[in-house]
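Take a look at these structures.
Heads up, the next two complexes both have subunit A, just with different partners, subunit B and then subunit C.
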Partner chain A sequence: MGRQYLAILGKDLLVEFRTREILLTMALFSMLLVIIFAFAFLSDPTKAKDYGPGIIWVTVLFSATIGQNRLFDRERENGCLWGLLLSSVDAGTIFLAKATAQFIFTLLMELPTILLIILFFDLPLVQPMEFIASLLLGTVALSLVGTLFSAMLMNARMKEVLLPLVTYPLLVPVVIAGVKVTSVAVGAPVNEDAWMWLKFLLGFDMIFAVATWFLFGRMIRA
Partner chain B sequence: MADLALKVDGIAKIAGRRHILRDVSFIAGSGELIAVLGRNGAGKTTLLSVLAGRLNPDRGLVSLEIGGRPLKGADFRRAVAILPHDLLIYPDLTARENLEFFMTLTGKKPDADFIFATLDTIGLAKDANRVVRLFSRGMQQRVAIGRLLVLQSNVWILDEPTTGLDEAGRRWLLDLLKAQTAAGKLILMSSHHQGEVSAVASRILLLDSGRVRLDGPAGPQGATAAFAIMDEGAA
Partner chain C sequence: MKSTSLHIILASLAAVVVCVALYLVFFVAPTEATLGIVQKIFYFHVASAMNMSLAFGVCAIAGAVYLLAKSNKWRKRADALGVATAEAGVMLGAMVMVTGPLWAKVAWGTYWTWEPRLTLSLMVFLLFVAYLALRAYAGSDAFGRSIAAGLAILGLPGLYFIRVAVERWGGAHPQVIYKGGLSHPAMRQAFFASIAAMLLVSASLVVLRFLIERRRQTLDELFLEADKIFG
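The block that comes next holds the complex of A and B.
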């Protein structure tokens, strides 16, 4: 299973670094959002700590959706998904590899985007470890849910519209938790327990890791 | 290669109100090359897809035994490989990367010598490091055939495998199929070319409106008879 997992993940990374389709679109879209938010909110820099965390997480959520929409497109061309499903690889391994690829793409998009937001809005990271933990746990959640529904809607018409409609209601708690932890991390005047929200994110990831892995196996062959 | 038996028992496939396959039954074994014939819409592609596990039949059963042991799940998928119209290869990988990837999916570590030998067999050793998207249809077909070779399955299911190949490529593929059946593989192949069928097939399965109309030996006479029945239906 390990070798097959690494082969599928390696193939996705290789194709992406060769074509740069997912990373480029995600990065361009996230930069565009940051610029729009900067023009909309920079008029009052004293409030940056209040809306900065929201801007970070909305940008991450929207940009991650762009990547999720494209995640299975390469498997559609030439019927490649069937090549995977008709091999001896189990569906769970395919799911884990695809979710890991999505996690890496999202993380690569997040790094420059968040750096740009922090610089533009002059956000001080007073608790960086909490922020990084929320970002990693939140990205895991986005990748798990996104991968499942991206596969489910692979052949749907209007997939680009349907994917956010289906995933956002599930991901709202993740975004709320992420915003809460980030608010604490940038020193916003909020009365929140960052560790409580981090534990919530960890719990969300654990539950959804099992649920999405199980559902993917059931759904993909059907 | 251990003896294998593919048993197809009364399979039916229905799409809406249309019966695509009706009560199709046969048994096939090692070393057979079965030409699945029929006019357009006769159910050939559907039958091959059901045999490969790509489609589930609405009725009936497909079972595979190797050395008397019934295969299910991952073991079945490891033993059966399909080459459909959509080639199942990644256009943004090179020919070599495609073969290495599919070999790894079998759980084996890609063997550089074996991969190179396979690239040589499919006539793409010089183009091994070119991205498949830049290949002609015939070259892509060769990569897809290379995929079958590295999967090392016992059963090959081929849907019009000579599509896109030039005359030399067609002769090469037919020789390859003969060699593979001689080595004990079971091959089921759909075709519209009488010459191909009479050259390589050992048995003919003629479908007509989803039913088996003829199941018999091939050779020039069998192929002529089967194509005559098809022409008769077309007229």
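The block that comes next holds the complex of A and C.
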């Protein structure tokens, strides 16, 4: 299982680093979003701490969706996914490998985007460890839910619209928890327990990892 | 057909209980002192919210049966039940979303607050809408159905997390208490009657929709067979 997992993941990373389709579109889109947000909100720089965390998470969520829409494009062409499913590889392994690839792509997109937000909005990261932890845990959640439904909607006519329609309600808790931790991390005057929200995110990740992994095999067979 | 008569019994029972509930709500239960006549929305609002949660629970169970059952017969039944409960759920959710703000404007002075229960109802409603959208637009039949079933199943842990998150999210605000509890026994009577009425109305709608969906499935099968013979 480990070898098959690494083979699928390696294939995805190699193809992506050669073509850079998903990464470039995600990163460019997220930077444009940041600029739009700057024009829309940056009237009073002293209040940046209040809306900065929200801007970070909205940008991450929207840009991740752009990547998720493309994630299974290569599997769709020439029926590659059916080939994978017909091979002896377990469906759960395929899911975990694709979710890991999506996780890495999203993380690579987040890096420049968040630096840009911190620069543009002048956000002081007083508790960087908590912020990084929330970003990692939140990205795991986005990747799990996104990969599951992106695979299922691969052939749907209106997948670009359906994917956020389905995933965003499920991801609401992640956005709430992420914004809370980030508010604490940038030193906004809020009375929140960052560790409680991080534990909440960890719980979300664990339950959804098992649930999505299990459901992928069941749903793809239909 | 046996199931058709079940529907007729449910529908006629619903008609009677709705009349009784309306009578109890408007003629027997006293008008609330501070809120006045508006308080009577409460009977319909809470009843439809409770039934919406119930519909979502049944929909999730139907989704689980659809994805896990081996026999084709049970899968088709579960699928029909899933779409029936989801459509009833969207209707109930729309009622919750219309009556809620009307009540809130009088009780809390604003149409919408991000109170945990309100937020949770909104999210259940949105999940139901996504479920129906998936069934309608997610492409070929079996595929759209299984995605929708998966969403209904994931909705259960999802709603648990949404609930925990919105409760803690609103942490800084004072917990809103329903003004005018059901102190009067006649109020309590009317309340339970309206829950029963709403449950019967939803149940008869679900059964009716279930039967329609089953007929549609049978029609599909017949089409395939006819295709084999004549095609």
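Here is the rule we go by: the second predicted complex is superposed on the first by the 222 of 222 C-alpha atoms of A that agree within 3 Å, B and C clash if a C-alpha of one lies under 4 Å from a C-alpha of the other, contacts with A are read in each partner's own complex, and residues count from 1 in each chain.
We take it that contacts are C-beta pairs under 8 Å (C-beta built on N, C-alpha and C of every residue); 3 or more make two chains touch, one makes a residue touch a chain.
None of the values given here were measured: they were computed from a predicted structure.
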Which superposed partner A:Val15 touches (first subunit B, second subunit C, both, neither): first
Per-residue touch tally on subunit A - higher for subunit B or for subunit C: C
First, second, both or neither for A:Ser43, with subunit B first and subunit C second: neither
Touched partner set for A:Asn155, first subunit B, second subunit C, both or neither: second
First (subunit B), second (subunit C), both or neither touched by A:Ser88: first
Contacts of A:Gln4 with subunit B and subunit C, given as first, second, both or neither: first
Sites on subunit A touched by subunit C in the complex: 145, 148-149, 152-153, 155-158, 161-162, 165-166, 169-170, 172-173, 176-177, 180, 190-192, 196-197, 200, 203-204, 207-208, 211-212, 215, 218-219, 222
Residues on subunit A engaged by subunit B in the complex (per definition of touch): 3-4, 7-8, 11, 14-15, 18-19, 74, 77-80, 82-84, 86-90
Complex contacts: residues of subunit C adjacent to subunit A: 67-68, 123, 126-127, 129-130, 133-134, 137-140, 142-147, 149-151, 153-155, 157-158, 161-162, 164-166, 168-169, 171-172
Subunit B residues within the subunit A interface of the complex: 52-54, 74-75, 77-78, 80-82, 84, 86-93, 97, 101-102, 104-107, 109, 131, 147, 151
